[in-house]
Amino acid sequence: MEGIMKTRIPVAVVGATGLAGQQFLAALENHPLFELVALAASSRSAGKRYRDAVRDEQGASRWFADGPLPEAFADLIVQDGAAFDPTTVGLVFSAVDGDTARSLEGKYATTTPVVSTASAYRYEDDVPLVIPPVNPDHVELLSLQQERRGWKGFVAPIPNCTTTGLAVTLAPLVRSFGVELVLMTSLQATSGAGRTPGVPALDVIDNVIPFIPKEEEKVATETRKILGALGASGIIAHPAPVTATCMRVGVTDGHTESVFVRLGQAASKGGVTEALRGFEAPPDVQDLPSAPRRWIEVSDDPYRPQPRLDRESGGGMVTSVGRIREDDALGNGAKYVLVSHNTKMGAAKGAILLAELLHARGRLG
Amino acid sequence: MEGIMKTRIPVAVVGATGLAGQQFLAALENHPLFELVALAASSRSAGKRYRDAVRDEQGASRWFADGPLPEAFADLIVQDGAAFDPTTVGLVFSAVDGDTARSLEGKYATTTPVVSTASAYRYEDDVPLVIPPVNPDHVELLSLQQERRGWKGFVAPIPNCTTTGLAVTLAPLVRSFGVELVLMTSLQATSGAGRTPGVPALDVIDNVIPFIPKEEEKVATETRKILGALGASGIIAHPAPVTATCMRVGVTDGHTESVFVRLGQAASKGGVTEALRGFEAPPDVQDLPSAPRRWIEVSDDPYRPQPRLDRESGGGMVTSVGRIREDDALGNGAKYVLVSHNTKMGAAKGAILLAELLHARGRLG
Amino acid sequence: MEGIMKTRIPVAVVGATGLAGQQFLAALENHPLFELVALAASSRSAGKRYRDAVRDEQGASRWFADGPLPEAFADLIVQDGAAFDPTTVGLVFSAVDGDTARSLEGKYATTTPVVSTASAYRYEDDVPLVIPPVNPDHVELLSLQQERRGWKGFVAPIPNCTTTGLAVTLAPLVRSFGVELVLMTSLQATSGAGRTPGVPALDVIDNVIPFIPKEEEKVATETRKILGALGASGIIAHPAPVTATCMRVGVTDGHTESVFVRLGQAASKGGVTEALRGFEAPPDVQDLPSAPRRWIEVSDDPYRPQPRLDRESGGGMVTSVGRIREDDALGNGAKYVLVSHNTKMGAAKGAILLAELLHARGRLG
Amino acid sequence: MEGIMKTRIPVAVVGATGLAGQQFLAALENHPLFELVALAASSRSAGKRYRDAVRDEQGASRWFADGPLPEAFADLIVQDGAAFDPTTVGLVFSAVDGDTARSLEGKYATTTPVVSTASAYRYEDDVPLVIPPVNPDHVELLSLQQERRGWKGFVAPIPNCTTTGLAVTLAPLVRSFGVELVLMTSLQATSGAGRTPGVPALDVIDNVIPFIPKEEEKVATETRKILGALGASGIIAHPAPVTATCMRVGVTDGHTESVFVRLGQAASKGGVTEALRGFEAPPDVQDLPSAPRRWIEVSDDPYRPQPRLDRESGGGMVTSVGRIREDDALGNGAKYVLVSHNTKMGAAKGAILLAELLHARGRLG
């Protein structure tokens, strides 16, 4: 990251004590644009110093994000999310769970921009679902959202972590060849489910769990929205059907996805490889502080990508692709495997990247 | 199993010391039709008692199949596979590795029936690839094989362990609806790769390996052959394209497969479920000693099948299916998840089942 | 098990929906002495059929014990444990969690015998801690308990699952050589912590957790009580100090323990082996329905015992021992490794074994 | 690391293609004192560019160390270790396997210093076993070695990876309290066994392997030698008996050890903590390029250390300690858990640290 701005934008993290919230803190340490000044969580944590709010009953630390708890944030007093005044900051990062996300985020957004990892608003007509290198122009939909709802702020959610890697890799294929059909099977990491309770160890030792509630519907709907066209009254979903089977495997971080795609025209293995390798974002997205040098890295090694070896690529912001093959079975078909970091590009760091885009495009006031 | 025949057929296991070979021994203990009388392996093991041939340098047992080493076989002297006289038995089970399988099996077959887990002969025109409940009539091709090659015996291979579960579940769909396209992603257990060296622990701890050499080609070719029609000069492959991506995960036994299929006509979730649940083999196959009561078990629990919980169903001979869903994306599409035991139905026990069929159909002299 | 008694004792399982409770149901199917007639759990489950009480919100079965849910029990209506009338049965099996165990078990015991897997009463002076093959005579202490407390029933807890394997293997060493000091490090399976939430997958993937709250104190206190002498007013703890470090590893079932012990007199490796192999319980214990043929199995294979390979030995009732070595460092020292099934011998099946002993010794009325 | 020396010492890595050898390459990139100029391995790899020597038959990279293969070394031509001329370098790092280590290292040492991860020479009277922060003065024994054997070079091995963490943590206890008895149980990572074949996945999925050949003897002998006193004709082993049970668990990197120790005098938990936290090496060791800021980090969190969370501390050079408890059972006893990175401090990076010490103390000519 470049030098830190003279005056950074004060931001809050709501839902700060959970696994996703912790990752916001880890990622906001020394951020050049955003200065974390407020933390909020449920009433149970309210009033505690953050370092104490992430301790268990025995006093042991329940901080699980990379690296130690940033000292700069450890003594911030956790506020009650329900009582938090969003006008004290210029931006709220929300890592709140589905149930309370709807009410809290809507309340904050009346005055303040909200960037969220929750799904509560993802499927609203006037809510864009933006992955900065894929569909940055969809942020324009926020104007409609503000107008319709009479909000000074807005809610800008990021997609589900399983959608992200898929959409990032489909974007260059849509551009180069067109995409007509997508079939995906995911092997998802356990961190996506949080930690308490999260995925029980008994589920993934010597085992695979073939179902993740609501995940397949999210992937199908979100991917088509992200790849869709910005219309006057919302996003026109991309016409290609997307179908998925989502499973859980014994991996800590990094979702692996097996993708079959029917392209709009014939493409060789080399052509698909070139399209993915050559994928670039618009210049202003490329210059965002959290942007990796490349969004997609393609390996020729048939044993890659692997979640343990590739998930941290580009600080967890890169989607790693391998095993690109032509697929005659599908007709103009291609197949490949991707690995995407579900709690970095797919969660907190991805949300911060979106906030950086919103700043670059003048949406943060 | 029912009562033991008065006079059982004397059989040999070649490649007896490896993981697959051991599983033949475990499965042949007290078999009603076959009496294991001879064991063969590489020259390194030749001349040793079997119990000593499966010890390491420190004297520790390297027996890894279920249950203890059957005492009845422990003191058999291991013969050199290259020098073994197949006329001393009525049937040879071959668990030899790819490289030597071609020469050894061909040699044995000049005089003696060979049932093999190796891939050496699978793709020959005059070699059937039989899963007893799916395509028992393909055994008739053995007559052509014997005639063309001038063999008194034959080579009857079983398919790759990853093909087996897929073909078993496609068979009822072919019958009920027709099948036009198959896309499969496998999450394969480590036991399929044997044990020395087998899959290194470093590959599957907190990780997924997205490639298994030659596996995808095997699945595509074998599935279409198994589901194909018996013609005068060989099998006419089923016309539906089959495409697969095969991965390795940290599971001991039991391959999990995510299947997408385009059917020949529309079928509801209930219809697909009924077709799979109702799948039956011909009466003589149903009566084989190793046949489970049902070949396919379908679960309505969305969290099933799971390899650890379902692999041992029916003694490892059942294919467990769940997550049946209609799939509009494909057009007359369906998707489901299956679990199949790769070293039981998919290897030694599957080979014994095939031998039982060959016996029932009068092919063992 | 032998034939079923004409009139079996009606029993209840309280805490029936949890992982430990489920295992009681699995183990009581077709039990020759006990007829399961009542199930109780928290008020949340009360009034539901058992099969529905172990479903999640999506309707998926949360039954996790071996085998399918026994049909004989599936339609029993779950009662509220707080309102359950223990006089309707001859024995209550309690699988209640620590917090409510104290009040519920004490209440039931005023009228009815209670055999419990909970720790609530384990450390009371008038409560014996019995492993049938080790200290069956300690059941006599129940008379004192009934007298002192004015109870018609009693509470008979089993020890912590980590204690069980240790105490079983120390018993023959105490008899043959005396034991002066015990140091143990455990590598514990995840099933010991239940399932919801249980051990999070993130804790044990590519990891070890070096702490299990209260476990080390339990092991030290309980082992000395079990190996202690029955005195007039309670158990006189065995004098040998016991110290433990308890860790969690990524294993589903089966605790592995590394034991160092200073014996009362010099003993060769052969002597220790013989003492462990020769361990026998009194004849009436040996005849209990759940008793395995041998309580301890000793392997000479240096790579055994292993939890995955040995935990199910004797239906999970055997303690498997290996790696017996003399240990000069300790002075008359020995060291060995054991594997014990934490949810069978160490939980529900161990409690049923204790109930069988109580029946044999006339304690069940 | 500080600035790179004007003229670095040219060094070779022998055994460069294995897992340990790869880690030397990863650690020598941009090393301030050593310039890697030559690579050697078995004749099978000789003549190939290094990047090709670490490819498999399919052309896939078998490079497994952290980060990508350093470009600076990728095109070095691998030499045949048996024919390698050690006078072309100022120091040889040997990562050769046990069998050939003895002959090769002895041959090289006639002219050139050798720092080795192999065990071949560890137990010779005139060979020191040095962990720089623990017993740096033992390097003086190299003079005796050179004199006795008539070597211009020498062989300086590092200890076994399991010994390292134990010896590092015992050193401050020896200094502060004296140590009279050590009992240790290890839970070792799979990377210690290399990769081909390494530990089979089947061994550690849902499992523990209770035996690692020769490991326990190595730990006992080496620990006492490292903690011993330098005498005129060799090291006088520390008198405290050391006994270990060594196991393998499903962890990629980082050995966990449960240690019980009887101290020479009573010490409180606070005292032991302070001794470990206060551990410092002599100033010249502290200044070595690979030295971490602290050698031991002590956590008060009862759930630490954990291999996945703590192994990379200080670049893998720190020994993490936690769960410090007084232990009355032992008499002046203490117990704790440690995590040490087996392939960093315990292998290649530890060997480089030793080479840095040899340089600092004028042993590299």
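When the chains are written out, they are named A, B, C and D in that same order, and each has its own residue count from 1.
We adopt the following convention: contacts are C-beta pairs under 8 Å (C-beta built on N, C-alpha and C of every residue); 3 or more make two chains touch, one makes a residue touch a chain.
All of these numbers come straight from a predicted model, not from anything done at the bench.
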Chains in simultaneous contact with chain A and chain B: C, D
Classification of the chain A:chain D interface as same or different, half of numbers criterion: same
Farthest-lying chain, centroid of Cα atoms versus that of chain C: A
Higher-contact pair (C-beta pairs counted), C-D versus A-C: C-D
Centre-to-centre distance between chain D and chain A (centres being mean Cα positions), rounded to whole Å: 41
Whole-Å gap between the CA centroids of chain C and chain D: 42
Mean-CA-position distance for chain C and chain A (Å): 46
Chain C: positions in contact with at least two other chains: 58, 205-206, 213, 250-252, 302-303, 308
Contacting residues of chain A [partner chain B, same complex]: 181-183, 185, 187, 205-211, 213, 220, 241-243, 245, 247, 249-252, 256, 258, 260, 302-309, 322-323, 327-330, 333, 335, 337
Partner chain A, residues of chain D touching it in the complex: 58, 60-61, 205-206, 252, 301-303, 308
In the complex, chain B residues that touch chain D: 58, 64, 190-191, 195-206, 213, 250-252
